[in-house]
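For clarity, chains are labelled A, B, C and D in written order, and residue numbers in each chain start from 1.
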């Protein structure tokens, strides 16, 4: 079997979640690669869309930001920021939207922090802020989150709740008035986590080949159910080929 | 009107301003540098995801308060460096919104309504935590009394009513955007994505448009559907070639990875950063002079957009990331 | 002196109200001719704009509706309905907007009815409805109204108040929360009426050459102050020439 | 999918529908005629200033309720004739709004929010008089409980708060619009003014697009900035040449003053109108057949748009007015 990096595994794990009817809202970096890989492999009819307003982007060259002019190349249509988010908030189009996000911290209910570490009014580290993150998390029918698998990132309590996941669990999200279906997968450099349908608590869905279950659990700052975990199929030769040769031949992200 | 005059006329000390563009695309950088050159301070800055423009204004100490959704330039600076430093040093006051909320706030300003509704961010700290104190809001009449207001949907009766977030309009004193083309009367044509530049332009009391090229009056009438702003919205239109540099201008030139990498190096170190400000901004008399002294025609040639792709096919982006 | 029709006089009387800094929102028919005449004669830098979204229309051929493709020819920009009305509601652009409207009924405070005659739920005649009328009347800084000078049209009480003028007079309009400056001139086939700055009641500002003051007052269904009325300057040779040869050479409206 | 199939699949009896265009421009007439041909009734129609399309649907008895801002076709029918008759006979229920309010209602539907704010029409009978009874609103779950709601601006405290009118979102079961071009996947390009077609299209549960010409997939990608709707909004895309006739289609053909004059004559007389319906609609099998039998290729040639002007320079409009 071919060797591959954890980044490659992550991109492929996310790509596999995307289907033909999906409209994929992606951010910068590995999430863009996941969307591109899906479009080349398992979801050729999916649509790639950016908050900046580019819809149906061809992505012949890898953009390094969602504002990169490369998102404009051979797009189906140029919208505005207002248009993009309206497509998410609108329940007819929003139901087909899959969002892909990253964050600095995540809690057991998939809520995300991309704003500050420490007190909001006296931070020890400041990040870029919500961007479209809170919007995607509020509206998109399904949200995939990329995380570095570190204990300080999987926390009991977020320093700031930027992007709503399942909030306090159970029906909290729905009762709050959020429309979208919420976070449904967290993809890390060790494995994939999902959420219990009832309690909305995070559980370990699977681990990558060569990763020990214990290492995964030890690197999460809250209790996690690993009883259902299974090994995740490594990237196939075809998946790796497409990712490397078609999505990021210059190795800008990989 | 030249850029220097337009900035000094409309961007007053303590003005509320917004700047167009997104992360590393079509930021009105010539205007940003001119604001820094003129030492205009105390600015209240509104941006959704402006990136480079916001970071340089903050780095130069021009900004006292910022309302934003995002400060980053994609892979080049996932968080804007001078912004992050200022936040931790508390040298600027920050009010956080989401991108859609900031877009709606500009849109409300453009539409002439006091607020627009959305459901985004319900349950988040964007709703709960307010960066500006009630005192600050009371003292500046240009600020709404509330960061945002959550109401029950009045079209649904009783306890089943769903929640709606009302975000207040922004009507900045000045908006500054950069376009590819404008005619001398002020009709503006932006090519490619407009982000929320149009809403920002319409929401502002005054609008400065910098552009790559000014054409004859009515020359843009040949294709009305491509034009983005009517001249009666525009207070000053200024020709500023490479006016978005070091950010990209679709169909004209790309962002400059080398510059962004250099900027990162300077921005991370306070003593170096003052050298950056000196060499790139204070010691250059205008944007053309900055480009000539620090960038050079040869580099600009490399950045030139491929006519099909709309961006450069010659730049090396690997090392920059 | 050249002969002219009352329609020509009306178009010219309205054109004279328009200045270089104005953005003219016009409807179909004589109001379009007024805007065109002003642009050719006394307000060359004024901008002609339609609710349909055409801004800075060149009007080389006379449109027969605001949705006529002729409003699109050589326009500065194509907006949408939403854009057009936002330019009116927005106080920075709205302050330069002059609206020109017609109506079936008008009252002493310049409120207009273009919806029904008779009871709203049991009408004897039904008209097109507000269209952009209520919007222009709510937002534009100045509104000019064209009316047929008939007693049944200048009424004590409207059957339906479609487009707000000065409402019940005095400060009523401002107190209600309307932004625009309100109706400031009513141009009929007999003369021009304006509104008292304080009471906001309609008064006779002027009468056309050959029209008797008494005929004007008799054909208004409410009491009207005619003490300040003066004769209105007939159309000049140049005004008539422009109107006939440049605005409506085919005599579609005139 | 053919037009006949698209109509029968999406436009059900008692459906809530909206149709694009403005007065005598780009009304989706081929679809309107097909709805009439299929005898679909009880429709709830939403239009701002649709004109010809609305009048023909009402004339054929297809409409039970209409929410509108304006029913007219400019100088040809300052008030739509069958609409006015139906109003006085009370054979349709009417709810009046202003053009901006209807536009905002479609926009709210497109944005996925329950309402949008404005200050238009304060103090008018549009606020005071409600055409639909509380009972009608209660019985149809697709209707909001209130025509509109006036609130105090929540960002202003106390008695000084200004009034704001909230207009409820429209989310029709079906929207039908006519465009110049679409690709076979459904990407839509409208040339010239779009009126509020885009908002209507996005607000609807289902969207039927008729167009002058269907092109190859991705053929419209060459100029993304000219495209107006992404394919994922579209449920059916149907090629319907002259699909807006007798209304205009910018850059393709003009409205037909002769037809509109003929229509006026028929519409004013009830007995003649049933002949109109028979000869022009019921006895023709589709739009092409209607054009062939009643209009003819020679007339269509006269209506052809001048390539510079975008409308016909050959039609005589004098007699029609």
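Throughout what follows, a contact is a pair of C-beta atoms (placed from the backbone, for glycine too) under 8 Å apart; a residue touches a chain by one contact, two chains touch by 3 or more.
Not measured: the values here are computed from a predicted model.
Novice: Which chain's C-alpha centroid is most distant from that of chain C?
Specialist: Centroid comparison gives A as the farthest chain from chain C.
Novice: Please compute the C-alpha centroid of chain A, do the same for chain B, then give the distance between them in whole Å.
Specialist: It comes to 27 Å between the two C-alpha centres.
Novice: Could you grab the centroid distance between chain A and chain D? Build each centroid from C-alpha atoms only and quote it in angstrom.
Specialist: 40
Novice: Roughly how far is chain A from chain C, centre to centre by C-alpha average, rounded to an integer in Å?
Specialist: Inter-chain centre distance comes to 56 Å.
Novice: Please set out, as single numbers or ranges, the residues of chain B touching at least two other chains.
Specialist: 111-113, 118-119, 162, 164, 192, 225, in rising order.
Novice: So which stretches of chain C touch two or more other chains?
Specialist: In chain C, residues 54, 72, 78, 89, 139, 179 touch at least two other chains, as defined above.
Novice: Touch graph across the chains, line, ring, star, complete or other?
Specialist: Per interface graph, the chains form some other shape.
Novice: Write out all the pairs of touching chains, ordered by chain label.
Specialist: Result for touching pairs of chains: A-B, A-D, B-C, B-D, C-D.
Novice: Given the complex with chain C, which residues does chain B contribute to the contact?
Specialist: Listed in rising order, the residues of chain B that touch chain C are 109-113, 171, 187, 202-205, 218, 220-222, 224-225, 227-233.
Novice: Tell me, which parts of chain C touch chain D in their complex?
Specialist: Residues 28-29, 51-54, 60-61, 63-73, 78-82, 85, 89, 115-116, 120-135, 138-139, 160-164, 167, 172-173, 176-179, 250-253 of chain C touch chain D in their complex.
Novice: So in the complex, which bits of chain C are touching chain B?
Specialist: 23, 47, 54-56, 58, 72, 74-78, 86-94, 96, 139, 179
Novice: Sort out for me which residues of chain D touch chain C in the complex.
Specialist: 21-25, 48-49, 51, 68-76, 78-80, 83-84, 87-88, 90, 96-101, 103-104, 107, 118-126, 128-129, 131, 162-164, 192-196, 198-199, 248, 250, 254-255, 305, 309-311, 313, 317-318, 321
Novice: In their shared complex, at which residues does chain B touch chain D?
Specialist: Per the stated touch rule, the residues are 111-119, 144-146, 149, 151, 153-157, 162, 164, 166, 168, 191-192, 225-226.
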